[in-house]
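The two complexes that follow have chain A in common; it is paired with chain B in the first and with chain C in the second.
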Partner chain A sequence: MGDRSTRFLWPILGLPAMVWIALFFLIPLYVVFCVAFGTVDPIFRSPVPIWNPLEWQFTQVEVVWDRLFGPDNFYLPAVLRTLLYVAIAVVACLIIAFPVAYFTARYAGNYRGLVLALLVAPFFISYMMRMLAWINLLQPDGLVNTIITLGGVVPLDINWLSGNPYVVVMGLIYGYVPYMLLPLFAALDRISPSLIEAARDLGASGFDLFRRVILPMSLPGIVAGTLLISLPMMGDYFTSDLLSKSPNTAMIGNLINLSIVAPGQAGQAGTLLILVLLVLLIPMVLYTRSNARAEVRS
Partner chain B sequence: MPSPPRRPVSRRRLLQASALALPGAWALAACAREQPLSGPTGGGSSAGGSASGGATSAPAELQIASPTNPVKWPINPGNEPIASGLEPEANATLRLYNYPDYLDKAVIKDFQKEYADYNVKVEYSTFNDYPEALTKIRSGSIPYDVTFMSYNYMARLVYGDLIRPLNHEYIPNIADVWEEFQNPWYDQEWQYTVPYVIYTTGIGWRADLIPEDIGARPNPYDVFWDSKYAGEIAVLDDDREVIGMTILRDGGTDVNTADPATLGAARDAMLEMLSLSQPRVTISGYTDIPEGVLSLSQCWSGDMITGQSYMPEGVDPSVLRYWSPPDGRGLVNSDFLCVLKGGENPVLAHHFLNYMLDSDVSLKNFSWVGYQPPLRSLTPDSMVADGYIPENLAGAVVKPEWFEVGYPVLELPPEVEAEYQAIWQQFKAGA
Partner chain C sequence: MTVSAAPAEAILEESRGRRRRRMRGTSEARAYGLGAITAVYLLWALVPVAITVLFSFNEGRSRSTWQGFSLRWYTWDPTGSVLNDESIRNALSYTVLLAVLATIITVPIGVLFALALDRWRGRLPQGANFLALITFVIPEIALAIGLLFMVTYLATPFGLGTWAQVVGLVTFQLSYPIVICRARLLTIGSHYEEAARDLGASALGAVRRIILPMLFPAILVSAILVFADVLDDFVIVRYLSSDASTETTSMRIYQTARAAPTPALNAMATIILVVSALVIVLGWLAYRRWTRKQGESTDVSSLASTL
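The block that comes next holds the complex of A and B.
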């Protein structure tokens, strides 16, 4: 009797999550496919989804493909730009977050809880609000310029919000650094202090200790953090929209957003989205596989 | 660049293969029947080739109104005007659908007071641009009563049976409107619309940040290609306005052209602009210029007038400037009000249209939104003297004769609109 009830208990407990995923992920994803492989109303140029996969058309995919790799490949610069921005931001997040996470895990002692809480505090404010705050700080007469010019003494006239790629990357770093911190902390926290002591006892220098013990053991955290922040960064459009508004810093997310709001191009937005999804699926699959393998090993 | 020979079949194979890589239903895509390839011509949208798949049985083309081709729109069967002499709906919620900051909230309050006997409530919803508005109106999810539109959507509004013809007996205030707007080319005999405001597209700037007189340049539009102002300037986030301005800058006059050579040249010029002056693309010039975030921007004539109320402390509003071609040979347009068919309060909506045409109401609204209504009581020649517009923004006054010589942004056939969209997308992709 008991056996039977537990056999059904777990699937029943999992049901809400399944329903959730079906309703809010699988079905919407299917709609995206139907729009991407659908047609366009000839007069209103609104998307006309094709629900039957047998009748899917690939004209929109062709258009996107042409714009990526064809002779008129004006999507490509934005894609390369996105990859570059994300790569820089991920590395910078790592450099910023690693020492902080290491300190918190190893040396914060009794204040750990407090330090962690403070590090997580930015989560409580929405990403949008934090970017809006940056607009205020970076305005021509904002706090940043006031400090740099020592209150107007140094004659420096920097307009940060004028489509500056550094500002966009800075916004990405600032916005996503907390998401990098937590997985790093979790990984570093798991390293047993006795391993570090053992390495020291065996004569490892500080650098050796880092290179041969801490870094390899924190690798899962680094990979998790990298994935966690690069996935949303790939689709990010409002950082560029808010801090730059210039086409010169347009990212893939901006292309998708623009296609959605422009009449007749929802299908292209869907196709771009599917492409991004496909590309991002690869590291996700690799990550889950390596995780699964690591679990088997342990 | 000459395009290399296409190999569509192998490419489709590739696409199908990538579709296969996904689990589940998409695998079926590989079995999709061979489709004749309707090569999308840069424009990207398959407007032409997709007619068979479209949900609507559309006529071959939209009728397009223009000053040289005035149109009296048909009234679709079942969409007759409301009867005369009806009482406004009581306890109603009148739903307005408009741009943000494009109608004075105080005017809305006044309207509610005026119709307090009927216990009227007004709800103001906003859209970011017309395509979004059109999509939401068509979806019918919210029964908006009144919307504010431009004539480059007129044919689609009528064709889609989205708007209601007006019963003129409810709108006596039309008599106060400039004569040419009582029988406009975009809606002969004003069957569906009443005018809202008129505006030009030009250049706005702060004189203390931009020391030169932009209007004194041989070609003022060149300022957007001047690397001296890189990073300080912006163009409007509106494909038609930027493409139109570029065509005018290069000596053209047809801002609604379908000519591939002209459009190609405009695209190249716009990409050149990107690399020279790195403009931002935004419609928030009416706050960004006063605040000094931008020094100069392409903007509409009302933007600098309303911008006076966004000046930071210590900066005199008299530093604001606006230029549009003083002979009126620039982008000159108007917006209108119309009653939506999906609305629940057609009688009240008629009353609202009439209310907005009232001279006092219209002037009050003008002083807040900064956009000029085409009213008889408002003489363009004396607007500065009468104190409606300050001396430094005299260029923002719109004159009636400009509608004879100016260039309106017209509705485009869908396939031409697709070309404009493609140019815009390339521009905004920063390529």
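The block that comes next holds the complex of A and C.
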């Protein structure tokens, strides 16, 4: 009864999303390749995409490769800087988020709802507004300088907002730490209190308990949080733009953004983007797979 | 043996109790220590934003020296206030418009796909699901530049501007309703639907009258998340904008934050924050009302874990 109608019902329901993903995700990605492996109009300096993959040319790739590893390698510092900044920010986010998530999961008691609501709050405050908050605090006559100079008594003139790498990394940590907190909290919240009790009864010290029970059991949360913050950071250009505006703190995202804005460099932007995506491909697939597995298990 | 075992057990119990008591002491100290760290973290995370909100009410032009409370930058400044500066007003209403459009399109497409995925096995839907999950973790800049190139170099029925922005936002947000509704469908299971079918409902009828109402909380949560996330979007919206008329509040902050802006910028950011908070609180109340009526457990952590 009705078998014929159901056979087509589910594909029809799924169709809009699949068409959407094909049209507005797969095709745009393909266009990026066509632009990156295309040529540039010699007169108008505008990119000429090559649609047939068999005719793809790699002049843009050579340009980017030279700027990365050739004698004039002015892309390389930004790439290394990005890796360094992201690594520091991820470790710092872990160090900050772990105790906070652990407290919320185990000790918050009656305040659990309130603490969770406050932890989630930054999600819904725009990233730009949170950066604006730090610009306001760190500007030359801002609150931070007022406090450091004791209201202008100490003659110190620190300009935080032009090329200070510590400020940029702090901005990254500030911006992304909420995304580390939630997966960590979810993982820690799943550890049953009786398991911790059992470890205690078997004589585990605080450090043993952390190293041999809590840390292994929170590993999925640590991995998820690390991926969730490091992937978008790899394409971030606005944090550095807003908190520093200096080429001394430029990241890969800034290189891509600048090539997009500059005339005739769209192909280089595309090539850089493809490089980033290639590097991120494995972590992205890992994250998606682990999510799918978690879904099946639950 | 049994005679001597009793005191041994008592001794064991005694020492265990002592250790428990001692541990309770260190455990309490640990709770306070972790609580202090959490409090410091929350202060660091939220006080800068609170200061930004505070200075939107500053009487003078400064965003760092308090000159008295006033609504100047919201209402009465003749040129610079949110009310009188047309570009700020436009940015605000345009941001909300984009969020509404993107939510209206994203949520139905995503919910239908989640329903289909729950029942339609095969490589094609699995592959589509994988791609949808990839859009969730791929750096936003990749989606934005891909669409920018597509609109620029391919003959698309829409150019840069509102529709390009909406298309990009929907693509980026599509994974929210899919993931959230699928998780919910897995907990609902198939027996309700089977019961409805046994009682003579058609496949579509069972989905419409049994599954969709049960799915409603998940649909609501994903709509709230998509709406709030689009309000704050920057990368996609910026690359796909055409001119000043498609400028959002986040773009405005990016462009003017370092160019000596007035507290009107803080006021604009505050208004978006309030809109976001209102939607979340209203949505949360509706979610609680609905799930209470269905007699299900609701707390913040169940919501947080769906994130």
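In the analysis below, the second predicted complex is superposed on the first by the 266 of 298 C-alpha atoms of A that agree within 3 Å, B and C clash if a C-alpha of one lies under 4 Å from a C-alpha of the other, contacts with A are read in each partner's own complex, and residues count from 1 in each chain.
Following the convention adopted for this analysis, a contact is a pair of C-beta atoms (placed from the backbone, for glycine too) under 8 Å apart; a residue touches a chain by one contact, two chains touch by 3 or more.
If you're wondering where the values come from, they're calculated on a predicted model, not measured in any experiment.
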Next on the checklist: Looking at the superposed three-chain arrangement on chain A, would you call chain B and chain C a clash or a fit?
Outcome noted: fit
Item to check | If touched residues of chain A are counted for chain B and for chain C, the larger one | outcome: C
Checklist entry - Of the partners chain B and chain C, which touch A:95 in the superposed model: first, second, both, neither? => result neither
Checklist entry - Just chain B (first), just chain C (second), both, or neither: which does A:130 touch? => result second
Next on the checklist: Is A:141 touching anything from chain B or chain C once the two structures are fitted on A? First, second, both or neither.
Outcome noted: both
Checklist entry - Touch check for A:161: first (chain B), second (chain C), both, or neither? => result both
Next on the checklist: Once both structures sit on chain A, report the angle chain B, chain A, chain C from C-alpha centres, rounded to the nearest 10 degrees.
Outcome noted: 100
Checklist entry - Now for A:75: first (chain B), second (chain C), both, or neither, which partner does it touch? => result first
Checklist entry - Should A:61 be classified as contacting the first partner (chain B), the second (chain C), both, or neither? => result first
Next on the checklist: In the overlaid three-chain picture, which partner chain does A:258 touch, first (chain B) or second (chain C), both, or neither?
Outcome noted: first
Next on the checklist: Tell me the contact category for A:245 with respect to chain B and chain C: first, second, both or neither.
Outcome noted: both
Next on the checklist: On the A-aligned overlay, A:178 touches which partner chain: chain B = first, chain C = second, or both, or neither?
Outcome noted: second
Item to check | Nearest Cα pair across chain B and chain C, whole Å | outcome: 5
Checklist outcome for this item: Dual-contact residues of chain A, meaning touching chain B and chain C, are 139, 141, 161, 245
Next on the checklist: Which residues of chain A touch chain C once you look at their complex with the stated criterion?
Outcome noted: 2, 5-6, 9-18, 20-21, 24-29, 31-32, 34-35, 47, 49, 96, 99-100, 102-104, 106-108, 112-113, 115-137, 139, 141-143, 146, 161, 174, 177-178, 182, 185-186, 189, 200-201, 206, 227-228, 231-232, 234-238, 241-242, 245, 253, 256-257, 260, 266, 269-270, 273, 276-277, 280, 284-285, 287-288, 291-292, 295, 298
Item to check | Sites on chain C touched by chain A in the complex | outcome: 16, 23, 26, 30-31, 34-35, 37-38, 41-42, 44-46, 48-49, 51-52, 55, 62-65, 108-110, 112-113, 115-117, 119-120, 124-125, 128-143, 145-150, 153-154, 167-168, 170-171, 174, 178-179, 182-183, 186, 202-204, 228, 231-232, 234-235, 239, 249-250, 253-254, 257-258, 265-266, 269, 272-273, 276-277, 280, 299-301, 304-305, 307
Checklist outcome for this item: Counting only contacts in the complex, chain B reaches chain A at residues 1-4, 8, 11-12, 15-16, 18, 21-22, 25-26, 28-29, 31-33, 35, 37-38, 40, 42, 44-51, 53-56, 58, 62, 128-129, 131-132, 134-135, 138, 156, 159-160, 230-232, 234, 239, 274, 278-282, 291-293, 312, 414, 417-418, 421, 424-431
Checklist outcome for this item: In their shared complex, chain B is touched by residues of chain A numbered 30, 33, 37-46, 48, 50, 53-63, 65-67, 70-78, 81, 139-141, 159, 161-164, 244-250, 254-255, 258-259, 261-265, 267-268, 278
